[in-house]
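For reference, chains read A, B, C and D in written order, and residue numbers begin at 1 within each chain.
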Amino acid sequence: MSKEVSRLVEAVATGAIDRREFVRGALGLGLSVATIAAVLQGCSGEEAKAPPAPAPGGTPGPAPEPELGPIEGELHIYMWSDYIAEDTVPNFEKEFNCKVTLDTYESNEEMIAKLQAGAGGYDLVCPSGYAITVLKHLDLMEKLTRKHIPNLGNVAPIFTSTVFDPTNDHTVPWQWGVTGIAYRKDKLPTPPDSWALFLDAALKGKVTMMDDMRDNIGAWLRYRGKSLNSVDPTELAAAKVDALAAKVNLRAYISAPVKAQLVAGDVYAAQLWNGDTMQARAENDNIEFAVPKEGAAIWCDSLVIPKGARNIRAAHEFLNYILRPEVGASISNFTGYGSPNKLASEKLATPVPYPSEEQMKTLEYQQDLGAGTAVWDQLWTEIKSS
Amino acid sequence: MAEPVVEFNNVSKTFAGQKAVRAISFRIEKGEFFSILGPSGCGKTTTLRLLAGFEVPDEDGGEVRIEGQVVNNRRPYERRLAMVFQNYALFPHLSVERNVAFGLEQRGVPRAQMVERVRAALDMVRLDPAQYGPRPPAALSGGQRQRVALARALVLEPSILLLDEPLGALDLKLRKEMQLELKSLNRRLGITFVYVTHDQEEALTMSDRIAVMDNARVAQLGAPAEIYERPRTAFVARFIGESNFVIGEVVATERGGVVVKRADGNLVAARGGEGRAMGETVQLAVRPERVELTGPDQAPGGQNMLPARIRQVVYRGEMLHVRATLGDGSEMVAAMRNEGQLRRPVVWQEGTECAVTFSPDDTRVLEPEPA
Amino acid sequence: MAGRLPRWLVAITVAVYAFLHAPLLVLVVFSFNDSKFSAAWEGFTFQWYARLLERDDILDSLWVSLEVGLISTVVSTLLGTLLALGLARHRFRGRAAMESLLYVPIVTPEIVCGISLLIFFMFLKNVLHIPVVLGVPTIIIAHVAFNISFVTVVVRSRLEGMDRNLEEAAMILGADEFTAFWRVTVPQLWPGILSGALLAFTMSFDDYVITSLVTGPGSSTLPIVVYGMVRKNIEPSINAISTIILVVTALLIYASDRLSKPTALKP
Amino acid sequence: MMELRRAWLRWLSRHPSLRAWSVMFPGAWWLLVFFMVPLGFMFAYSFMERNVYGGVEAGFTIEHYARFADPLYMKILVRTVVYALGCTVASLLMGYPVAYAISRSGPWKNLLVFLVILPFWTSFLVRTFAMIFLMRDTGLINTTLMGMGLITEPIEMLGTPAAVMAGLVYGFLPFMVLPIYSSLEKLDPSLLEAAEVLGAKPAARFFRVVLPLSMPGVVAGSLLVFIPALGSFLTSDLLGGAKEIMIGNLVQNQFTSARNWPFGSAASFVVMGVVLLAVFAYLRSRDDDALAGA
């Protein structure tokens, strides 16, 4: 990543920045915003390497935080669909006398494109881990004012100071989960414990994997003991061989909608998130979830305040509100995912225990691949079209 | 003298660099049945469309007047004309009576009066309003549609009615019937008819005057007899009826006529040809029915006479056409009344030597055709 | 008249209608199924309809969709019909350019159309300082932009070969261009215009990709809500709202069909 | 008011070119401002450098176009064209008889037209999931067939090219039916009667009278099916199991997971260029025919 930054800084030094006016005047805002963001990032490169801020819940940092104004007007939340309990918003509206509108998106990129174009108007968005990195690079996040979020201390230590936001300046963890294997225990002879399940010719046409290059290729990198953030050509080439071997057995590349087929028994095993597996299990208790021994992706979506937010105070109140133990528990009970809120996690109807130190050794966050994204996309296109 | 109803003064119209109408001028008198006759592409339809207002003359393309007013810039709906289209152009989505009422509605005629006038118009074209009024046009025969189109035009009581080949789609018998009916409507109602057709017989039958158009110009304008008997150009002579042509050099000019010498030395006298110079090559025309045949030595005096040989006798029912070859190989046709071939067959047979005779009074000097 | 159609033709037609409507039947039936994943018939229930009353987001988005759909259909049908008229009736300079311009929106991938509009709107807002707010107006603008071409193509296929003399006849009878257009051209074109409008409304009502990029806070359309719900799990309340839309549409169609009878000329 | 209107019409009548444009102006303006100008931005993007975080960076390059020459992408393009062509032919074979039947159905016409369009007033995804429900192993078709004893093992329908084709045809059929219907509807029934009187057999009547007259509708319908089918991406994912990639997916991915806007734009413009050229060539040849016929 630092290579990327230095390349950009170099671009600025050689005069790319002079084009800013031209760019702003005529061609694309994605361009100008990206350039400016890169420059800013380049300047704060040193800062990013600084030691993490004191643990949340402790005393605020040395710099005095600005006072935020009162709650004004509506709060606009832009997040994934079906990702919030039904009573979360109405209760907030009642308690804080603040109307909330909730709009949904289906991909991080949709959300980023809007923020990047400068659409504005949203007060809270919900990026996945790598998307936080992108937003950070594009300088599209407001810094949080901690004193308005006293409940930050409820966040479990393993979800603070993550690779995406080491200083905990921008993000409040929302939900976490693992991408593993959902299976029908009545259809498989033994519970699966390895990604090798998808290479088993006996299950041909009865298994599915996620329709997402990060999840799919990532699984095969883990299968060979490699990092799922690898951009090493030989490691990726090996992953491609495994992915192609598995493709023959797959009924489909399919993500969340596979639940219906699991419930119906058309599919015996599927690469899936733990939370969605729990939702399917509510319909058919033969469905179980397993994390392969080779390791898998762990992820944690967060709420952040995007640049251009108009109701920053209400956004903070909302962040503080969802960190209440009972609110956090209600959300996780609805989604089926784990709560990064330690106190909430203890109150869940079906516990989703935090991974142990031992497990964390094989679980990995999907990080932004930077320039490597193009390499992965090419690989994924090759896998898909062969 | 009364004001002409329609007047074209040097009107020109160009489409994409192509002259469709070239500086034409004519006047139409009130109550006249005026036909514009010509082959397809001659500009007759454009002329009618200029009059209707669908086309506007070129910038410097002369003026169109209706009842004395220059109408170049008036839209069709501001000209108070009526028109019958070749394909009738009945509105398929409206019933017969609503088709006829359309123009009245546009003119804001009160409802009660409208119903009365629609009925009267349908009566006039001999369609039973009760029976046909509510029907859609698609349910009518060709002849009936024609009548509806006529009623739709006449109901407006126009002073000028434009007709664009209105009888083209009808069968022969119906066409003859409608010809007489149109003529009688013209007389009875006193409406000026402007009638476009390519059918010379139709034009001759119905018109008071005919403008024959050729190559975007008016080739000749006159009463049917004048057009037929004194064609001005070879085009008119050929397009309307049949003609025999004689070509020669002017050897004498006299008042009201010329004498022409053919290449074979025979002389032919003809009427017209004012201003033709000695030695000029001219073309003469004579109608077949004005040509007679005699024995080689029996030619009466004072007639043009050319020696010939009978080539063919064509039986045409009412008439016989006898084709004769002249000395230089050219041909002339004589038309004669059929006196009954079974009882009194003509004496002419193929190969018989004869003389072709025709009066100088029936022989016209043609004007050269404009380039 | 239907009796004159050959049997095999009727058979094909019935089969195609069955193909088109079979999924709908499933949808209707399972809107009454007592199971969240609609895997098998678990018993009859009205709960998904009852749930609609709780789901404000579905109802709100339905109104947004109707608003967007109706306005964009009217505008695009009007503009598209005029465009078709101009193209079919007139020879003019720039005709070839106009023709190809027409096909560009049809060939443009939705995502490209959506992103380009997003960038364009933000260009207006941030560079030209025109106060553009993403929301219902921008969605309507986008929908009209991609619908015009479809309307034009459909209307034009009707216009081609239509008798020009009809308009001239109306004009010589005293109608000016506007009146002739309304009283003669439009009735003639009506099936084409109606087809075009239906197509436009359908596309507007069902568009996800473009809408999602030009929508703003608080103006989600039904497809946006439905996509969100369906991508995760098909909650049968989606089936319920779809069933209601189907029934209401069918009733409206029936009513309009009954009401639109021709009138006779009577004093 | 009326005077003004008349004066305006009079003025227009003297300027034929302006008359055409006055009718087309609003639509042309809208297309230009809200479609062509934004597309111009994207065209510029397709020559710029990729920004790894989405969007583009200043610079000029044709590498994104050059990249498209890779056999990998050519293969995808060809496969997509094959699917789109198949979908067009199937839609025509299914849509024409239906359009014909509707146009001859007298008082039922309007109702039947609405029934064609009705399914499309439910969300595409909802419909597609209903199709999945019908086609899957434990779906309605298989359980019915097995219940009737016609088959013992479920027929695997989902994930096959046939399923993708069915989905595509389902999605675009009304685009075929509506234009054909509207050009058949104006066909004068007396023409058919005339052909009948002239002794034409049903097949001859159809091929020599009906089909030629409905050609504008067939052409419009085929274009409206072929072109969007070329750009579709969800159908193959949902019904085809996402095991093949279409050009639509490729483009979509460039703007999402791959975050390569310039390549996504370039790929779009290549496809759009090819299709537009084909359409344009067709339009030209049709105009030439019309001239030759006149």
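As a convention for this text, a residue touches a chain if its C-beta (ideal position, glycine included) is under 8 Å from a C-beta of that chain, and two chains touch if they have at least 3 such contacts.
Keep in mind the model is a prediction, meaning the values are calculated, not measured.
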{"item": "Chain pair with more C-beta contacts, A-C versus B-D", "value": "A-C"}
{"item": "Centre distance in Å when chain B and chain D are each reduced to the mean of their C-alpha atoms", "value": "54"}
{"item": "Intercentroid distance (Cα basis), chain D paired with chain A, Å", "value": "36"}
{"item": "Chain B-chain C separation of Cα centroids, rounded to whole Å", "value": "55"}
{"item": "Touching two or more other chains - residue numbers and ranges from chain D", "value": "6, 9, 41, 129, 138, 255, 261"}
{"item": "Multi-chain contact sites of chain A, meaning residues that touch two or more partners", "value": "28-30, 110, 113, 257, 264"}
{"item": "Contacts with two or more other chains, residues of chain C listed in rising order", "value": "38-40, 115, 119, 123, 176-177, 188, 227, 230-231, 234"}
{"item": "Full enumeration of touching chain pairs", "value": "A-C, A-D, B-C, B-D, C-D"}
{"item": "Residue ranges of chain B touching chain D (in the complex, touch as defined)", "value": "56, 73-75, 78, 138"}
{"item": "Sites on chain D touched by chain B in the complex", "value": "6, 9-10, 13-14, 188-190"}
{"item": "Contact set on chain A toward chain C in their complex", "value": "24-25, 28-30, 74, 76, 78, 80-82, 86, 101-106, 110, 113-114, 117-119, 121-122, 255-257, 259-260, 263-264, 276, 279-280, 282-283"}
{"item": "In the complex with chain C, residue positions of chain B that touch it", "value": "52-54, 75-77, 79-83, 85-87, 89-93, 95, 97-98, 101-103, 106-107, 111-112, 114-115, 118, 133-134, 152, 156, 162"}
{"item": "Chain B-facing residues of chain C, complex", "value": "163, 165-166, 168-177, 179, 183-184, 187-188, 190, 262, 264-267"}
